[in-house]
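Pasting the structures in now, so scroll down.
The same chain A turns up in both complexes below, where it pairs with chain B and then with chain C.
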Partner chain A sequence: MKNRTDSSLSMAVGIVLAVLIVSSALCAPLIAPNDPLKVDMAHALQKAGREYPLGTDQLGRCVLSRLLYGARTSLGAACIILLITISIGTVIGTVSGLFAGKLPDKLLTAFCEIVLAFPGLILALVISGLLEPGIFNIILALGLVSWARYARVVRSLVISIREADYMKAAKVSGTDGLHLVSRHIIPNISGAIGTIVVTDIGSTILRFAGLSFIGLGAQAPSPEWGMMINEARLYMDKMPSLIIYPILAVTLSVLAFQLIGDGLRDRLDGMS
Partner chain B sequence: MGFFEVENVCISYAGTEVIHNISFSLGKGETLGIAGESGCGKSTLAKAILGILPSSAKISGSIKYCGIELAGMPEKSFCTLRGKEISMVFQDPSAALNPVRKIRNQFYDILGAGISRRKPADDEIIRLLNLVRLPFPETLLDKYPSQLSGGMKQRVVIAMAVCKSPRLLIADEPTSALDAEVRLQIIDELIALKERLGFGMIYISHNLAELSKVADSIMVMKSGNVVEYSKTAELFALPRHQYTKELISAAE
Partner chain C sequence: MSGIRAHIASNFLSGSIVENAMVRYILRKIIISLLVMLGVSILTFCMGRLAPGDPIDTVLSGIQNPSPEEIASAREYLGLDEALTVQYLKWLEHVLSGDFGHSYKTGNPVAHELSIRLPQTMILAFSSAAVMLIIAFPLGIFSALHHNRFLDHAIRFFNVIAISVPSFCIGILLVLVLGVKHKFLPVMGSGSIKNLIMPSLSIGIGAGAGLARLIRSQILTFAEAEHVTAARVFGVKSRTILRNDILKNAMPPIITNIGLLIGGMLGGSAIIETLFSWPGAGSYAVSAIYARDYPVIQAYALVMSAIYIVINILIELSYCVAIPSVYVLGGQNEK
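Moving on to the complex of A and B:
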């Protein structure tokens, strides 16, 4: 079993990393040394220097500026994907949990199982393949294939909470059904859902970068980590740092949110 | 037409009958005590009255409140009765309050107080907390249940239960999770509240001494059956069933 101090330490590391990444993304226009879209072929594939702290890419664009703006794209997309996922998952999971064992629950559970039976990434590939490549479509595709897991978790949480005495007490005191859900069920499942969401930020960034890497996500010239990795492949021998930086950015982001999620889960387990 | 009448009620789970043919009646403003060992079906009966048994439970017989049949009543109709007509005080106050919501907000939910009605709602909450004799009620509004003592929590639970002035209150072992001193205070509180608000009460307890203080009549249950049902004084003076005698001697 993991030591409590180890868990706190790794969570602290995760928080520091996440704060750095999120604040870099938010402050990108203020701290980026150059325009991330400005092409300057005269300075293509330059090494790190005063003007370009992490060098330039094959089109002479500032790598650091593109990484900072790329953080905005990746984190923003991950947040929207998770928002779609949680919204659909929470609504379906709550309805299913409230009607557990009855027809609506059976239908929704069967629907969830059908969605879960398909590998999520392949389903997202199909959806985004049918639509045009682009950030919006990939966000929609990933959002539409990822909700089923949340719905299952929410369903099980709702089933355990709806039998709690405080739910019965609120019900017999005259609290109506909508208030029971919004004031009693949702606040009590939000801790567990929040933990899964934080853990999933990393994996969502990874999936989004993966789809951008194969050309289905962000499109040139907008800066995005997955696309930056793809573009840097061709220059790996000439300038390895060009591919290392975006890989490092994705790795550190995934690590940061994974560490926070693990820490939160340990705390939640301890509380229960 | 009686105030509250239960006739030949049987409750079963998955074909196994847990409550066998129970009948009793309650006059307006009267208190019925239900005594019996743990697992004898007291709480199941209370939940059946309020329609909060799991959907797997099957009820037969008749439960009539002011002539309205409650057994088999649709959930939507039950919603109009709960809180306003019949309410319940749960056994464990720590479990009966939502741990993640402030006391004020838990009252708002019951009162249906929207943002525009917060001020009158706050006054109403303070009036209710005063009613159950909680000291400095305004300081409790922004507290979470974990910040209150067991006795305070149970008083809050009672205040919530009588929030909408019900005419019948079911108290399901309201003192069993409390220490001896607080237990007596809560019983006194319920008696005073009942006299003031005039509601009828079904008071469930395994402790006959406690029931003798609050109940006009007592029904003793064992393994889902009623073994004795009579006026409180009569039950203590002339207990007929061996199990009742055991409960009386345990209470002494």
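Moving on to the complex of A and C:
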């Protein structure tokens, strides 16, 4: 619709960045120059050199290796969080959409409204507070807070395709409910859901890093960007690079998925 | 479409119809909010009861090897022996009279502790909101006016970067440049305007960039509307068109988003408050999480969602009162 080449370019940049980040997460054990957990006090806070390409942290651990393994933690966490989110959102949204206007729909819609009334981060804070800080609990907390938005979208999508001719045909020919959902509804809404998911990968990485930063997520010594940023704060004046690298890592990953998401949305808008 | 219809409708409909619709709209909003608050309170209460770990241990943490009598009195103090519904109603009664119980950790009334810290969080949220608005409107409007020219590209580039840097990272970069290198601003604490600058910028920049994107796309959408073209044909000044025909109709989603963003700031400020040692409710809640101080966590969740809901409804209502035709009719057309 708008400037096509412009949006394609930024999407291409996003895809290249995302491929780099995902592959460094996948290949971390192969490409990391050192063990991310190996403490070596003799070489603490070293500048970039041959053995440690990005230098070492306060415990003499290799910063580059920790960043690479950190990509695993962040992306892995984001994937699980979004998987939880989509699963709950799709189930509730589909049920709600199929029963649109009836009691189950009204109850579920009301429940969604209540969950949406909680600012997401507060709810995540509260859940993680009740569950004890830790990486799995924060994943669970973040997974449980953002499904309501998906449920809303899925509900309206289901309602809009419920009246489609192929749905009527399927119903008339006696297709049972489960088959209807798995063969006709889910495949038809997956494109729209996928677009939101891609955009949300960025904000999920961002939230996860934020909660790890204040110590509620990943726990030492496992390598995680938000926690690395927090640990590096003490050495900010002596060695600013120590804090800059993980900040760059978070920013670039969020940027990558943001650009891809924007591009996908532009394309969908252009099609409709 | 709804905007155009509303625009035309506002010129033909008599005032009373609009007013009636408005009152109904406001009432509906308020009733929904009350129901939502009730739901929030049930959810919060359940979360407190579902929490793992025995709250009795926390209450008695000061006493070594507590006797059965001490445990029994602690159970009674916490009201753990009654039915869940009775517990909820009692709890709700206390909460409504402003009693959130006592902090497990310090023994002080939670309401008192929270009331000291809440104003700090509000100050931070509103100054962050100011930063956000100061950034968002000029950027969004300039970007749209220079659609697809250099300035538009530059602003959009800035926006997408600013959205991608987490707020606490913006905070750290600010500390690095203004606090550590040049000792220009204090890096922690509160009390003066200077203390407020870095935390507000950290929260406001990203939110402002996100809002600027929405403003831009909203303006561009309405710039193609028929009544705008008509106004152009009639030779209305472009500044007047922007104000009267485009911005007015483009505002409802923007306003709604501002409400959501301010709500997000109240919640998201927990991280920034912790970073800058800002003595607000967020950093208080974070330290309560470490101490497993459930009454504090519960009170925080309840109060913050109440504020969030109230802010959102106030913002919508203020707009509804300012330009009723667009809002009420626009809102109805969506249904």
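Keep this in mind: the second predicted complex is superposed on the first by the 270 of 272 C-alpha atoms of A that agree within 3 Å, B and C clash if a C-alpha of one lies under 4 Å from a C-alpha of the other, contacts with A are read in each partner's own complex, and residues count from 1 in each chain.
We take it that contacts are C-beta pairs under 8 Å (C-beta built on N, C-alpha and C of every residue); 3 or more make two chains touch, one makes a residue touch a chain.
What you see is a predicted model; the values in this text were computed from it and never measured.
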Quiz item: When the two structures are overlaid on chain A, which partner does A:Ala170 contact: first (chain B), second (chain C), both, or neither?
Solution: first
Self-check item: Contacts of A:Val126 with chain B and chain C, given as first, second, both or neither
Solution: second
Quiz item: Taking the superposition as given, does A:Lys102 touch the first partner, chain B, the second, chain C, both, or neither?
Solution: first
Self-check item: Touching partner for A:Leu234 - first (chain B), second (chain C), both, neither
Solution: neither
Quiz item: Does chain B (first) or chain C (second) touch A:Leu268, or do both, or does neither?
Solution: neither
Self-check item: Touched partner set for A:Ala209, first chain B, second chain C, both or neither
Solution: second
Quiz item: So, A:Met41: does it touch chain B (first), chain C (second), both, or neither?
Solution: neither
Quiz item: Which partner does A:Leu255 contact after superposing on A: first (chain B), second (chain C), both, neither?
Solution: second
Quiz item: Of chain B and chain C, which one contacts the greater number of residues in chain A?
Solution: C
Quiz item: With the two structures laid over each other on chain A, which partner does A:Ala110 touch: chain B (first), chain C (second), both, or neither?
Solution: second
Quiz item: For chain A, which residues belong to both interfaces, chain B and chain C?
Solution: none
Practice problem: Give every residue of chain C touching chain A within the complex, in rising order. | Solution: 32, 35-37, 39-40, 43-44, 47-48, 50-53, 148, 153, 160-161, 163-169, 172-173, 175-176, 180, 263-264, 266-268, 270-271, 274-275, 285-286, 288-290, 292, 294, 297-298, 300-301, 304-305, 308-309
Exercise. Using the touch rule from the top, collect the residues of chain A that touch chain B in their complex.
Key: 101-102, 163-166, 168-177, 179, 183-184, 187-188
Quiz item: Which bits of chain B are touching chain A when the two form their complex?
Solution: 47, 50, 52, 54-56, 79, 82-84, 86-88, 90-92, 95-101, 105-106, 109-110, 112, 157, 160-161, 163-164
Exercise. Under the touch definition given earlier, write down the residues of chain A that touch chain C in their complex.
Key: 2-3, 6, 10, 110-111, 113-114, 117-123, 125-133, 202, 206, 209-211, 213-216, 229, 233, 236-237, 240, 243, 247, 250-252, 254-255, 258-259, 262
